[in-house]
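Next up: the structures, one after another.
Both of the next two complexes hold chain A, though its partner changes from chain B to chain C.
Up next, the complex of A and B:
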């Protein structure tokens, strides 16, 4: 067999017939309306209190500045708030509302918030059993006794996975826009968003800041989310090759991801944690200009770390899959 | 001689396998030729399944060669496996797909298999009624047939079936036997494993007997069974008189039912007062004449096939198969 396409076709058919993707779409259809409703309540609340968004933002800045004086607030949070305050100030100075309630803004914040756990979780739902399910059902014996080399079979699975990671992100995006648009309207594509904040310690360097239209921001954000999702997918893929049971494979990846979000909160006292893949997954923070989880991390650094982890995982996956004896 | 060499489809040469520090297979060799049904007989845990997995590149041998149609299975799986159809243990197929979708799936993995061929194999295994139903609604027999259809897709020269009668009812087993014979008559080589001697006896032309990861014997099934078979069961009336008569013969040894390993299924058909003897079966008619002459009624005389265990005992000269 010279062509990999029929194999990818096989894997895609299996993925669809297993109804995994359908489940993901259903989850999105349930969750997005809930968040939309919550966001709508927040917007209503703000509109009642303040006639003008500038007042809301000003209030936010004052609140945070006040809390900086308090001893009870941990240093970590103070640092974070200090940076956020400087950014809000920048928006205020340039007379741009950072959170106009419209469909596109909702999509932007939803995607940003879901990039650390929610999207990786959905990616894992398709990645974790892509190899282990063949073992559980025994069909791996049929698969590997056909006249196709093992690396081709694994590659076809990897390509299918890549396809579905893209599809998941796109679906989340589209559903989010369609549902939120019903409430907030479908506008907001051209609204300017500032990006390029440089963070040095607690000071925000505004020299490189420039406005981009929100649609461009979304494209950049989508790309970064795709990249980190692919890394999660490849790691889940490796675990799926290594362990026999799908449940074990999902639990392992979940543990790693949750450990990542926990570590992010306390990593300042352990700087070498920045070499773990889990703390590097939230690439969109660099775009938004939020402070990185550990000092000294930047976009290039995170991309490098994630790439190294992904390449190592791919190496292990292919090595093990092509060499191992199928005993069960 | 040249013809015989040419028709070898599967050649297994000094294959050994070590898992961890333990040797599972200590040198297995045999050939399977086109048009024959080759039995692979051994008790559970003897290394049967490990060997079969090595034949189809699921397990790599630690040393030794496996060739299918002249291609090394481990070095050149794309060429070698093209000529092999197999069912390893159970016929595993995708439950959430229909029978047809399963066949299409495996058809995409090998060259020269189109829709017409899929329809052909569906007709061969007579699954056309239910082929568009989801596999999870199939009975075990139907899954088995789907598995065979899958194995036949690529017009294999060698078909490997691992314990094919497992879970089939007597009718299904009989159908399978006829079917396997038809395939062999068309020139296909068949490799069938089993732990039941009777099954191999009814199905196969030649057999390799494996125990503890070693091949004890390879040969024609009839020869092996003929050599091993020297039990004759008598039902006589009056029994005590018959026993005396048999006892008087020098080359006839009366054995106690508890001392020998006879197929449980055969024991069930024997009366309490039956006499089991160990003797050359050529002497039977001569003895019957003597019995009748001395007024002993002969109800039945039955030659008994050896069990797998008896064959083993003979081959290993008393060493038990455990």
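Up next, the complex of A and C:
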């Protein structure tokens, strides 16, 4: 363990020198204000048109019920809306506003929406070239000629990556809160959020529903996002080992992720898609109680699929990295 | 040395955030797999109060709630306004005070028996309780559903069957009106009567008219007993000038049709 620490230190410093993390922070600094502004407009519009949130929510329910009557709406959407309507009804019945405009609520919905594509994308930004860049620049030879075992070198890179995944998620949380708080205020930590909706087909079973304070919800949500981000990081890591060029490695991972987010929208017609890792990334849906992309998926299933992909990727990465010849 | 400090901070922050997220992951998985359901008490300490008076002149602003079927929704009006928004707009001009639509709770295809259950929902209660004026359309789907499907020839479109249906569904309408009245006795309740959308089909005309008249009579029987309720007739409009007032789906009014309905509602509210 003692000899791995200096390696991790070395990798971390390299990562910081590459300024990749800085780029991520800059992206967040640009994007979050844009979303905050959009959200502010929505809140403003609701304030103008409706007397209080109860009416807004009821209108949302009625509007969705109306679209259920239309034959033009695809069945999967109907199913999704039916489930959401029942959840909103639950909030309304218990006189709890699910989307009070405040800083913490903004963070919650931002994280929810970015967990399938945006955060994985940022994780990729640091993970995709962690090995391949050493090859592109030729420094891999320097690294491997040292009297250190190859798997230790790869492990140090993996540990560094883990550090940065944690940092990226936390930074997103913090920046989101600080920026959105300017507009919506910094309150909302104690606001109750309902979780535990059980979905059977199109019916929502409310018997296990319980309120959690929003801060706890955020922590749990963050944890679930962390898990899927780690899986993305490990897969990107593997590709970075397998592919020589950084560009190729980024494009491969990006294609997989975007295919995933497209598939989640239309996967119901292809049930086997549930074995793909990218369809399983949005673990937060299980917490929020929204319907999974494909019927029959649940948390255990998704965690298993993700773990299998990650373990396989780790195996391949270490196997290839320790055995392959480094040619130039 | 500088990079040493940077490393230390990065490592610390990274480890702390990772630990926090791992704990969160544990909590999250546990919460999803073993949800502890609990009975939630609803805070009803401050129930919404209905308006104190039904006199429009005494109010600084008027709140409107509209409930019912696709007519309330405004189906058939390309502008999406329907009679509801037109009433809100014109009433505001007539009374010279702000008129606000709390909720338009019209649902396409809604039948009277379904609306009876909807009135138990909290959102419907909220809107009804707070409103000064409640606009209601219901019944068309109960009676003319089979006509919409183009099912003219079957059993379901014989006069006797239809009249039975009318008697049956009228009981639901009565329930609806009484329930609204109970929730908010000080609101003005305006029920928009049915019209016969089949008036220009020679073979259907008489059946349709008879059925619609029966329905409206039964509605009036309840409405007449309550001074805060009004029945706004529309059957005459669509009897003679159906083609100008009906939309292309041959069931819902068009923009002009809604305009006329709105006009009639206003006439009764703010002379």
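Just so we're on the same page, the second predicted complex is superposed on the first by the 326 of 328 C-alpha atoms of A that agree within 3 Å, B and C clash if a C-alpha of one lies under 4 Å from a C-alpha of the other, contacts with A are read in each partner's own complex, and residues count from 1 in each chain.
We take it that a residue touches a chain if its C-beta (ideal position, glycine included) is under 8 Å from a C-beta of that chain, and two chains touch if they have at least 3 such contacts.
What you see is a predicted model, and the numbers here were worked out from it, not measured in a lab.
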item	value
Overlay on chain A: chain C relative to chain B, clash or fit	fit
Dominant toucher of chain A (residue count), chain B or chain C	C
Chain B versus chain C as contact partner of A:187, first or second or both or neither	neither
Partner chain(s) touched by A:170 [first = chain B, second = chain C, both, neither]	second
Partner chain(s) touched by A:213 [first = chain B, second = chain C, both, neither]	neither
Touched partner set for A:9, first chain B, second chain C, both or neither	both
Which of chain B and chain C A:146 touches, first, second, both or neither	first
Angular separation of chain B and chain C about chain A, which is computed from CA centres of the superposed model and rounded to the nearest 10 °	160
Which of chain B and chain C A:94 touches, first, second, both or neither	second
First (chain B), second (chain C), both or neither touched by A:326	first
Chain C versus chain B - closest C-alpha approach in the superposed model, Å	9
Set of chain A residues, in rising order, touched by both chain B and chain C	9, 13
In the complex with chain A, residue positions of chain C that touch it	3, 6-7, 10-11, 13-18, 20-29, 31-33, 35-38, 40, 42-44, 63, 73, 100, 102-109, 121-124, 126-127, 130
Complex contact set, residues of chain A against chain C	8-9, 12-13, 16, 50-51, 54-55, 57-59, 61-62, 65-66, 69-70, 89, 92-95, 162-167, 169-170, 195-196, 198, 206-212, 216, 219-227, 283, 286-287, 299-300, 303
Contact set on chain B toward chain A in their complex	19, 53, 56-60, 77-82, 84, 86, 88-90, 92-97, 101, 105-106, 108-111, 150, 154
Residue ranges of chain A in contact with chain B within the complex	1, 6-7, 9-10, 13-14, 17-19, 137-139, 141-149, 323, 325-327
